[in-house]
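By letter and in written order, the chains are A, B, C, D, E and F; residue numbering begins at 1 in each of them.
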């Protein structure tokens, strides 16, 4: 996303400062003044950032931690806590630059190094949103995106929980965000922003003669081409169905397969040690996901509210769906089923949250609850892989469902918002005509590329980690529990 | 002296304690245990994985008594702990050679 | 609440868009332009919605869950989690419409079906607030109100915790929100909004001759009459003393009486299994209640801040009051007492939060702590009903105290804000003259109608549930715990 | 901080109200109109207030509570919960006035009584921020600062946890906030605000002749002199390094020494009873700290985002630093180490959060992790004092490091924001020239005064409490646990 | 009758239970205990404070059996619980004087 | 052989363990139990509901020893666990017929 640097300007009370502008400088300014952030948008993005951090810690940590045996509780908490810390530092040092700057000849796949160490970013630089003329402070854009980079690898570790060494997890994550996450975030989310496109389109419209027209048209194309590969395919992903969930889910499955099953699996009973923690975690995930999905609108308006509503409704629907399927299949509706259903709805609605309507999201949620139940309770047992906490069955499967459904539910005829066109009426966004074929193909291509890139890349990284620090502890240590073996502590001393 | 060990259903503790007090017992020790027996357990299901849980929560009560009180104690426990349903538990009686009260060093019957 | 639909309009940076308006169209616009949401208001309401969801899950779930025996922990968590999900779906499908649209001939008691399936609601439709010319996106109004609909029935289940079947609770809640909550919310909170009244009052003032005056006066009356019964009585309830707390509290008591006592109550010791969870829950309730009460102002201004301050101070005062009364009566101040006191203060200040001053709220909190202690520790034991988690003693009693006190503390002479009059100076709100008699009578009538409607209605619904799915499990199953019997799980496997 | 009272004014949609101003009154208004709050700022401060409350309860309560033995769990939770309640009431009654009004002849050290019982504060009064022309509702400023007053004494109790009587803690806190916290908050944070200075500087610039100039200059000096002692020294503390952390940390150490060691310390093993709770607490502290630090900017702009970024990055760095040092020194990286590191980073970055750049904050975090590890794991054992939960080693040491480092990292040459000068260009803030010597000396003086005032004052208060209600329970009661002895409850009944 | 008490490693419970069932035992009682013995414990470190933890989690299994079954029971436990590593545990056999089934009042061998 | 069972106050565990080691004992097994006796319990109050809790947390220590060590063991426990206050606990001694070390199959005294 291209950032606009403005001169240092003291923010003043709106009435006074605007008045000054209006009277002192006249209409001319309206054309040229760089947009300044609206404090309502900034306030919301500050909060959304806090909410997404809360999703990881303590949300996800508890959701996962409650599901393992108590002897491995701290290992889950420690892995997730340190993934957040490690990735925050990597994101600051070079991740943000790799994801959200132009990557030159590699721009299709990854960004460049122009913003390493936050070079050029300061309290006055702004980041574009999805609305023309609306910007937010770049620092908050940076921080919001940082929380996404932190939670994605944290999702992965659930797939091989209770058996993977702490040092291995840390090394894996450092490599994984560098070679998988930063590139995929770039491919899906990097673009020039609405004002750059709007300005170029205006210039084209204003171009006087043929030569100027050609030049302006070339410039517009160039600006539109300055975007990640998947973005240019026209695939849409409001809050991270591909980047976060499919990406993490497939990496988890690959890890579970390469690392192998837990000692004793599936013979020994491996019951969740505290569904209370799991329920707390799921609840905080839900609350935090409002920041994740509605925050992804980058401003605070009706579309933001729509994203929140969709997140709410899809989640409720998915929990109900899982509940009824399980009740029918197993005779009792479990709390673990309810919260698993809720999370599957949250995952599925993520890419669709700002594009679908509430009724579309409700249907999507219902579908997610049923489909993820099927993968977790039937498919996994059938194939016998040990995806400890169902990262594949929920995040990858739910993410794929959501990504494809987004291509359908965005259709205004189904209550969706439609896809925005920033060229038709330069300077503002209008809804483009919806076409099913191209939309669904773009989504499918995005899903496939993510599966392949992350699946293959993760396999390579796991092998590297195995050959260097090693992936697993000794069988005895695993039996004793990772808390003692890796951290020298116990979770509970009652 | 005898040591009487009873395995009972947890919610019967207060009744058993009262019956023992009535029978002249002044002290006892209780442990939370898990019992396996004829009483069938239950099934727990976690995301499709079903586990048959055959160990059920029980309480173990240990009472050291002078030999002459053993019968009364057994009877008191039997009637207080009985619901008539499977899983009511067992009483085991063994002989006890010595007893000491740590605080005073009192011995045997005086220590109980 | 009547909603204003505006044309799709891209939000722009305030300086640019306002400038355009000022220069391009002149003063005329000021009269006719439909108000657009302020992003600061939207940001706050997004957050407030998240906070109220957090009150239910995990807040209330933990507050209640910690108080039951561990064998019933999951049943509490599951009931509350699924109530949120179920009610969210019902609210989306028809609840919002029943509460917040005009109900035609039934408009006194309930709304109509014009917005079922969110018909006509979109990212550009707005909802009125309590200030003239201030609107918020309707989606966020919808979502904020949804969280209220979710938490209210969740409060009820505490009264008959540890003994009521999951299926019975779900069926009860579906019926209860439909026949009790949606109507009462309509009766208390549905009105035409400040701009509708202001515009009609302006038209009346501008009416040239007698006939026009009569017509305009009739129109104004019609608009004022387009409100729920209790609203028209002049009863005020800032954030839900009647709608939420009295309503839930009396339904809980009725349920506790009809369902009967827990097996073993009061002979067997039924100690809270984890006061830690209860304390976490109470704390999250407190934090979330800022969203509940201050969010009920629907915008982000000084009154919102006042509501937050009142919520803070009344709660602190009530906790102190309970602490000292218990210390005096029982010799020791318990943590459970402190957090119970805090919740009683939160309940009592709810209807008063935007109307009273901080000192009035402090006194109200102190009174709530003492009164609720008395009901919980003395009255309940005296009468011997088994209100497991004191839903009546805290929510109904605290709610009644708060509802009546609101009629007193709103008095500007006591530091209150006064009741707003939207007609005296059409287009803005002025403080009406306070009269004790009418104020307190309106409050008392609101309390009584709520008690009767919810009390009788709930009794009927409980009977229906009993005759269909049945209210209770077998004694053996209740002894073994609802977690295993209803859900096939255990909370803890340490 | 001086407050501006404005007439009651209905907030309207920005477009309409601003338009009216612009057209109806012309430029003249720009000089004289009192600033009104921006709703984006208000929204953010509402939320920040909720976040800081969440830091205390349940955040800090769980962070501390997890570290004690389970028999003392409730005593920690109860102490922290009631400290929040008690201080909230004291702050409302007189604390706010003592901290944030002019104290007349004692103004160097403490404020006066002009705002006791919130006298003169209402929904329309505003509080200054750090930007000219930007105000926020005084109620939210009051509430935000209240949360700081609540958490600071709550931090202290960790130092003498597991052995101090509930009644003693309550009495201590009442005295301590009155004689230590309110004065130090006044000394560090009370000033006339940017507009008062800007207006006086403008008047000076506009003064026609010599006499007028002299008068205007005197007026400006008077306004600048209307500030707390430490503020006037030029010491800077963005969010409370001195006021909160050094202050609480030294009081804790003094308490630990006067109260003496826990029975059995250090012979008996005193392991944390639930690192899960500690991890939840640390996570909520981190999330809440965004409100603490970024909220301290009092508005929602790029600097607020910077403060959030700094808080994020320093914390991550400190957790990594502690992890690696512990891994090297002890062979295993513990979860307790990771979260302790994170908290040490949060503490250290507090005074620097709005002044340093992200890279400076990263370095500060790394240093904090190492230094606090050293104090907690080496120094404490060496000296043998029983600072149960390392309040001194983390809060005091981290706070001192942060306070001093702030004087360095604020340097724009190191990526800092520089210190603002409100006189050079009256009406807006410009960055003053940075000078190392004065900056570091001002910081050192602030640290020293805080250490002495709080150290000596706390010692006196502990002695008073000892002679009145007594500090400790009987040895038997301490062995049995404070939960039963003080509160008659147990935390867990599994 | 005999009462056989075995201290075993926790993860061996299912195997021991199965071996006992195979040996004709119909009931048993399990207690979570902490064992101290030749098997060394571990060190836990909390903010620099190191604690040597020498008590290790074990399970205690109690089985009342007719005397003639005692040998079979001891053998069943020994082979099911053995890993060959230090800390596998012990079996203790004492004599049991009486046994009563609470539900029915049945006595001795009938009660087991 | 004898099996010595002691009920002690929880915070005395380390001292008792040290005393036993000094007396030549190499292993022991500890169980968390609740004791009822002359030592009075406490009252807990939850929102006005008062519960008299008469069961107090204790630890049960079981040590199997060669008969000749029994006296020394009893004395070691008695002096290490004594505070002189009510509730210090009891020691019970019974005879032990057989002991087996699971790991090796060693028998009786060799197994201890």
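We take it that a contact is a pair of C-beta atoms (placed from the backbone, for glycine too) under 8 Å apart; a residue touches a chain by one contact, two chains touch by 3 or more.
The model shown is predicted, which means the values in this text are computed figures rather than measured ones.
Participant: Going by the stated contact rule, which chains contact subunit B and subunit D alike?
Facilitator: A, C, E, F
Participant: Any chance you could name the chains that touch subunit D and subunit F both?
Facilitator: C, E
Participant: More C-beta pairs touching across which pair, A-B or B-E?
Facilitator: It is B-E, judged by the count of C-beta pairs in contact.
Participant: So the centre of each chain is just the mean of its C-alpha atoms; given that, what is the distance between subunit B and subunit F in Å?
Facilitator: That pair's centroid distance is 18 Å.
Participant: Return the distance between the CA-based centres of subunit A and subunit D, expressed in whole Å.
Facilitator: Distance between chain centres: 33 Å.
Participant: Averaging only over C-alpha atoms, locate the centres of subunit C and subunit F and give their separation in whole Å.
Facilitator: Whole-Å distance between the two chain centres: 56.
Participant: With chain centres taken as the means of their Cα atoms, state the distance from subunit A to subunit E in Å.
Facilitator: About 51 Å, centre to centre.
Participant: If you look at subunit F, which of its residues touch at least two other chains?
Facilitator: 31, 44-46, 85, 94-95
Participant: Among the residues of subunit D, which ones contact at least 2 other chains?
Facilitator: Those would be 14, 17-18, 22, 37-41, 43-44, 47, 271-272, 280, 330, 332, 334, 336, 488-490, 492, 494.
Participant: Looking at the whole structure, which two-chain pairs count as touching?
Facilitator: A-B, A-C, A-D, A-E, B-C, B-E, B-F, C-D, C-F, D-E, D-F, E-F
Participant: Any idea which subunit C residues touch subunit B in the complex?
Facilitator: Spelled out, the residues of subunit C in touch with subunit B are 264, 268, 479-480, 484, 488-490.
Participant: Quick one: which bits of subunit A touch subunit B in the complex? Just the residue numbers, please.
Facilitator: Where subunit A meets subunit B, its residues are 266, 269-272, 330, 332, 334, 336-337, 340, 376-378, 380-381, 390.
Participant: Quick check on the complex: what are the subunit E residues that touch subunit A?
Facilitator: Residue list for subunit E touching subunit A: 11, 14, 42-46.
Participant: Using the touch definition from the top, list the residues of subunit F that touch subunit E in their complex.
Facilitator: Listed in rising order, the residues of subunit F that touch subunit E are 3, 17, 26-31, 64, 94-103, 105, 111-112.
Participant: Taking the touch rule as given, give the residues of subunit D at its contact with subunit A in the complex, in rising order.
Facilitator: 14, 17-18, 21-22, 26-27, 29-30, 33, 35-41, 43-44, 47, 51, 69-70, 131-135, 271-276, 279-280, 282-284, 286-287, 290-291, 294, 299-306, 308-309, 312-313, 315-317, 319-320, 323, 330-336, 338-339, 342, 357-359, 362, 417, 428-429, 492, 494
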